[in-house]
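Structures for review follow.
Both complexes shown next keep subunit A, but they swap its partner, so subunit B is in the first and subunit C is in the second.
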Partner chain A sequence: MQAMEISRTGLDVEWRRLEVIAQNLANANSTQGVDGKPYQAMRLVSGPKADFGNYLSASSGPLGVAVYGVEPEGLPARSIYEPGNPNADAKGFVSYPGIDHAAEMTMMVKTERVYEANIVAMNAARQMYLKALELGKRS
Partner chain B sequence: MSLPPASAIVPAMGITPVAPQASATTAAPTGLSFSQLLTNGVEAVDQRVVDADSLAAAFAVNDSIPLHRVTYALEQARLSLELMLQVRSRLVEAYQEVSRMQL
Partner chain C sequence: MSDLTSALVIKALDGLSERSVVTANNIANAASPNFRAGRVNFEDALAQAATQGRAAVSAVQPQVLTDPAGSDVRLDLELATASTTATRYAALIDVLGRELQMDALAITRNN
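What follows is the complex of A and B.
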């Protein structure tokens, strides 16, 4: 069951990652957020899951992956001259979030593939479990 | 969906009285009898089925729960049930094997 549990953490993390990417794409044309600053493209940071016991002894085995946090990417905002825009500054410039569309799309495809790979791994674990149940079975 | 209480099933198979007299010295002193083990197993399976059931109900009202959580819980419940059925059929096989013994 532990193999399936690991794959499930992978599914969770990729699901969250897709949510963050969807949020970035949905805000591609946002000129400013509620705080008045332009939207910042976000990136989900993930890493191997570990509990406190793991640091004390390496005997508990792999636990899968976990979300460490969602961090801003820090790309500079694009300034576009649009004097008619209500969010334009004194000189007529509007700040659009610096979202790299190609990078977002690439990340999205990667996320999808990793999600699929986790499902395949989970199915393999499930098959092995069911095969193990057949061991010694009569008829 | 809930399974009948395991305590009702296990004693009927007549497994409990076997241990004490013959193997008093060799029996593992874990304090956990075989029937207790079975009961725990059935209860764990029941818990998984209940969990999967409640998760499916929660998903029906609020589909912001990732879908794979629901399918995973259902699959896990099914695998546990499958394991329980296998254990049961081995036990019944063994019981029938003994009951067919010529004296």
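What follows is the complex of A and C.
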């Protein structure tokens, strides 16, 4: 059942990536968070899952993918002149979070594709397991 | 069916099963930066061992190779591999199932 377990880790990671993208898009106009600063666009960092216990022996097979963290993207905030806004500074400028909409949408489509691919791979593995159960069956 | 054939079929099933695991891992890591996809190779070794008898066939181990650095995972090709692997696995299970049926027939109709 290892192949299905691996596809499951893929589904988990892509789902969480999608959550981060949704969070970025939802906060595109969040000029002030709890810390008083504009929202920071985040990026999910993922990579091959490593079993550190068996890392040196290299005896373990592939383990799938894992989330290694959610890091701020570090895009500069956009300053927009809005003197009427309660979050405006002394000169009347409001800091909007720097969010690259095109990049977010591209990442979203890519995430969806990888998610779908994991489901297809999982189905292929499932078919194989089901077929193996037919061994020895009387027809 | 000969002893050699069933040994070959079982080894091929092992290899295909390993390939499905590695392919699933490639797809799961499609978005991982700097990931090097794995490939499972057993057909050539198995074909060669088949000419040398059953012991050679039993000794065949599927080989896992990694793609060179800097090559991206092609999702479509990986999915094609996953689908081909599942189909070939099903075909081999069918062959093995027929063999078992013949054995069962020999056991039950021997009086």
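As a convention for this text, the second predicted complex is superposed on the first by the 139 of 139 C-alpha atoms of A that agree within 3 Å, B and C clash if a C-alpha of one lies under 4 Å from a C-alpha of the other, contacts with A are read in each partner's own complex, and residues count from 1 in each chain.
As a convention for this text, a contact is a pair of C-beta atoms (placed from the backbone, for glycine too) under 8 Å apart; a residue touches a chain by one contact, two chains touch by 3 or more.
Bear in mind the structure is a predicted one, so any value in this text is a computation, not a measurement.
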* For the three-chain model obtained by superposing on subunit A, do subunit B and subunit C clash or fit? -> fit
* Figure out whether A:137 sits in contact with subunit B (first) or subunit C (second), or with both, or with neither. => both
* Which partner does A:41 reach: the first (subunit B), the second (subunit C), both, or neither? -> neither
* Is A:4 in contact with subunit B, with subunit C, with both, or with neither (first, second, both, neither)? -> both
* Between subunit B (first) and subunit C (second), which does A:62 come into contact with in this model arrangement: first, second, both, or neither? -> second
* Touch check for A:120: first (subunit B), second (subunit C), both, or neither? -> second
* Scan A:15 for contacts with subunit B and subunit C and give back first, second, both or neither. => first
* Asked: Does subunit C touch more residues of subunit A than subunit B does, or is it the other way round?
  -> C
* Structure fact -> Closest CA approach of subunit B to subunit C after superposing, in angstrom, is 7
* **Touching both subunit B and subunit C, residues of subunit A** => 4, 122, 136-138
* **Of subunit A, residues touching subunit B in the complex** => 1, 4, 8, 11-12, 15, 119, 122, 126, 129-130, 133, 136-138
* To do: Can you check the complex and tell me which residues of subunit B touch subunit A?
  => 66, 68-69, 72, 75-76, 79, 82-83, 86, 90, 93
* Structure fact -> Touching subunit A in the complex, subunit C uses residues 16-18, 20-25, 27-33, 35, 38, 75, 78-79, 82-83, 85-86, 89-90, 93, 96-97, 100-101, 104
* Of subunit A, residues touching subunit C in the complex -> 2-4, 6-7, 9-10, 13-14, 17, 46-48, 61-65, 110-111, 113-114, 117-118, 120-122, 124-125, 127-128, 131-132, 134-139
